[in-house]
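The first chain written gets the first letter, and so on, giving A, B and C; residue counts start at 1 in each chain.
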Amino acid sequence: MEVERIGPLLAAVREKTPLVHNITNFVVMNNTANALLALGASPAMVHALDEVEDFVALSQALVVNIGTLYSEQIAACKLAASRAQAAGVPWILDPVGVGATPYRRAAASALARLRPNVIRGNGSEILTLAQQTQARQGRGVDSLQGSDAAVEAARTLAKKTGAVIAVTGAVDYVTDGKQLAEIHNGHPLMVRVTGLGCSATAIIGAFLAVESNAFAATVAGLTVFGVAGELAAEWAAGPGSLQVALLDALYALDEATLVARAKIRA
Amino acid sequence: MEVERIGPLLAAVREKTPLVHNITNFVVMNNTANALLALGASPAMVHALDEVEDFVALSQALVVNIGTLYSEQIAACKLAASRAQAAGVPWILDPVGVGATPYRRAAASALARLRPNVIRGNGSEILTLAQQTQARQGRGVDSLQGSDAAVEAARTLAKKTGAVIAVTGAVDYVTDGKQLAEIHNGHPLMVRVTGLGCSATAIIGAFLAVESNAFAATVAGLTVFGVAGELAAEWAAGPGSLQVALLDALYALDEATLVARAKIRA
Amino acid sequence: MEVERIGPLLAAVREKTPLVHNITNFVVMNNTANALLALGASPAMVHALDEVEDFVALSQALVVNIGTLYSEQIAACKLAASRAQAAGVPWILDPVGVGATPYRRAAASALARLRPNVIRGNGSEILTLAQQTQARQGRGVDSLQGSDAAVEAARTLAKKTGAVIAVTGAVDYVTDGKQLAEIHNGHPLMVRVTGLGCSATAIIGAFLAVESNAFAATVAGLTVFGVAGELAAEWAAGPGSLQVALLDALYALDEATLVARAKIRA
């Protein structure tokens, strides 16, 4: 994945303004929608059982995030994911806090079997999903594991699910089971803002809408998000202003800055 | 509607701090509450079936927004709207994304029959509600139609429902079926922040609480919101800082600035 | 409660990053999570009936807030509170808008009987919970009563429930029925940002996770939050920028500033 491919993908998102259907958690709905709008996509947050199938069929990508899951939402996620799969709409799964409870593990595992194009999580989440260990991973929704500790689990999970796996953290890793890319962008302050992992997932969703190669779309999404985060951190005085500046940076990001800042390693 | 009438209405909102009951979507709850607080009203977000009727009876206005609708919420909206109608509490309907799915169309149409004092939507939403065309309007929650394309639909819808209709976009149009006002305020960057249409609806709600003429209240609300948006855009570096600056601008807006900036045409 | 004790408690939150389980309202989920992250805690928003008991057992504190209550959430709050009580996890109740409807009064009263370690509310909310008067207190979710009007009610409620009671307002009062502390920090602009009372509750929750004396934890939480609010108000141009600056201030707050600014009276 060459950095030169990412600029044109960003331009494609901005030109096509893909409709990205999100079934996501209540904590991040606003920020996720704003991140997608700042990037140039057209977000919609739609989760009613009675309309998710109709809506996903209109969309160019689907984002499924279990952060504040509840039984009706799990049913809606399954319906939407199945319909996306049938209709050829690419979709991405964010298994937030999957290690915390049996309920969450069951929901995430069931969704992972519905053939997501991409799964993005932190180290603990990917380790749990890959069942590399019997021990409970993670603590609440934050990771106890660095992303580097989950690279092998990510390869295993990629082979098991057929999905591209992204493990995000100090370094972001992307693998389809064979290829592995590392993205060395982003900033440590980003973990002090809630839901930036969820925003990263949604941004990947927007790139899936314009790039059928899920590996390339995922690397592009994480690179754009990481570079925007770095730019925002240079401006920010703390996590409050970081969140604001991140939206401004996603909006203002140009291809030259992206290419100059991107740190992708194969 | 003369601009000179708006300043006193803004002062009335700030003096009376009307309780505005919102049944709204999960994406914008925080921003809507903050917009109402910044303006000077007292917002409450209350949607439980078991208390919406009690709550609306305490309120000076009701805002109903179907952005992230689900079956129990639709029932709550209907209960609250009926009670508002019976108790003489003015209410406003925001038919978010009504064109996207049959479920959404059915819910919005049912609510529109419960005699809202005002309906506010973008061009696509008003065209769909007015059933000017069989074709699906809009795409997700964003408009595919300029507000100008929906002016005739707005007149039709006003006559059909008895409500004042506001179509917002590059230009905002307000009609009661006879009178038509145009508001040429606002800024293009506002569409890159999620839910500012929902905030506009809530702001109109606050003006309905202090002005029984729904046409005047709607023009006042949209003018205040558009002027605040313009002021915020002058300060903002992008959509993140625009959202922050908009709340500051609503809070700081004085009558002299409002009169100097307002661009209302009959 | 000496101000010198608060700095070490703040350091303990930052060092231990306690997992704070929140069952809270949809308006403030994002801001509450961000306030806890900015402070140095690890927030999780988890409300599904199927997992709240499992989750609370992993947590170091539980925050229960009825702002946008609905029947399933009330059941989840009761389950979680009972489990917290049984497992020795400290928990705090925020009876948002308890005076507004019979539904809300019943829910808050039932939760208050489940032995919360702390209850925090505004003047109207504490007066209602203490049943000092038959008259409906409050209007919507905002207080009609100054915090000073509820001090006696707070003492009564403390004796009745066994909880430490915090009444917040222009002055914050904390009592366990015997001791009374006053905190003269904070800023009037804070009431123009939605849910800062809810954030204060969550911050107290984080201190409960590191300090078993609930009175000391509550005074510490409110002092830290009030000082951060003051610092933010000095920087802010209005309620939008105040919200941003408050998160930055919580993140940057050091012990020296805290001690210099704190205004606690026994």
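Brief remarks on what is shown
Throughout what follows, a residue touches a chain if its C-beta (ideal position, glycine included) is under 8 Å from a C-beta of that chain, and two chains touch if they have at least 3 such contacts.
Everything numeric in this text was worked out from a predicted model, so none of it was measured.
If each chain is drawn as a node and touching chains are joined, the picture has every node linked to every other. Because subunit A and subunit C carry the same sequence, their contact can be compared by residue number, and under half of the numbers here are used by both. In this assembly, the C-alpha centroid of subunit A lies 32 Å from the C-alpha centroid of subunit C. For subunit B, residues touching at least two other chains, in rising order: 26, 30, 243-244.
Put simply, subunit A touches subunit B in their complex at residues 17, 19, 21, 26, 29-30, 33-34, 37-38, 42-51, 54-55, 58-59, 72, 243-252.
Contact residues of subunit A toward subunit C in the complex are 25-28, 30-31, 67-71, 97, 100-104, 139-142, 191-195, 236-241, 243-244.
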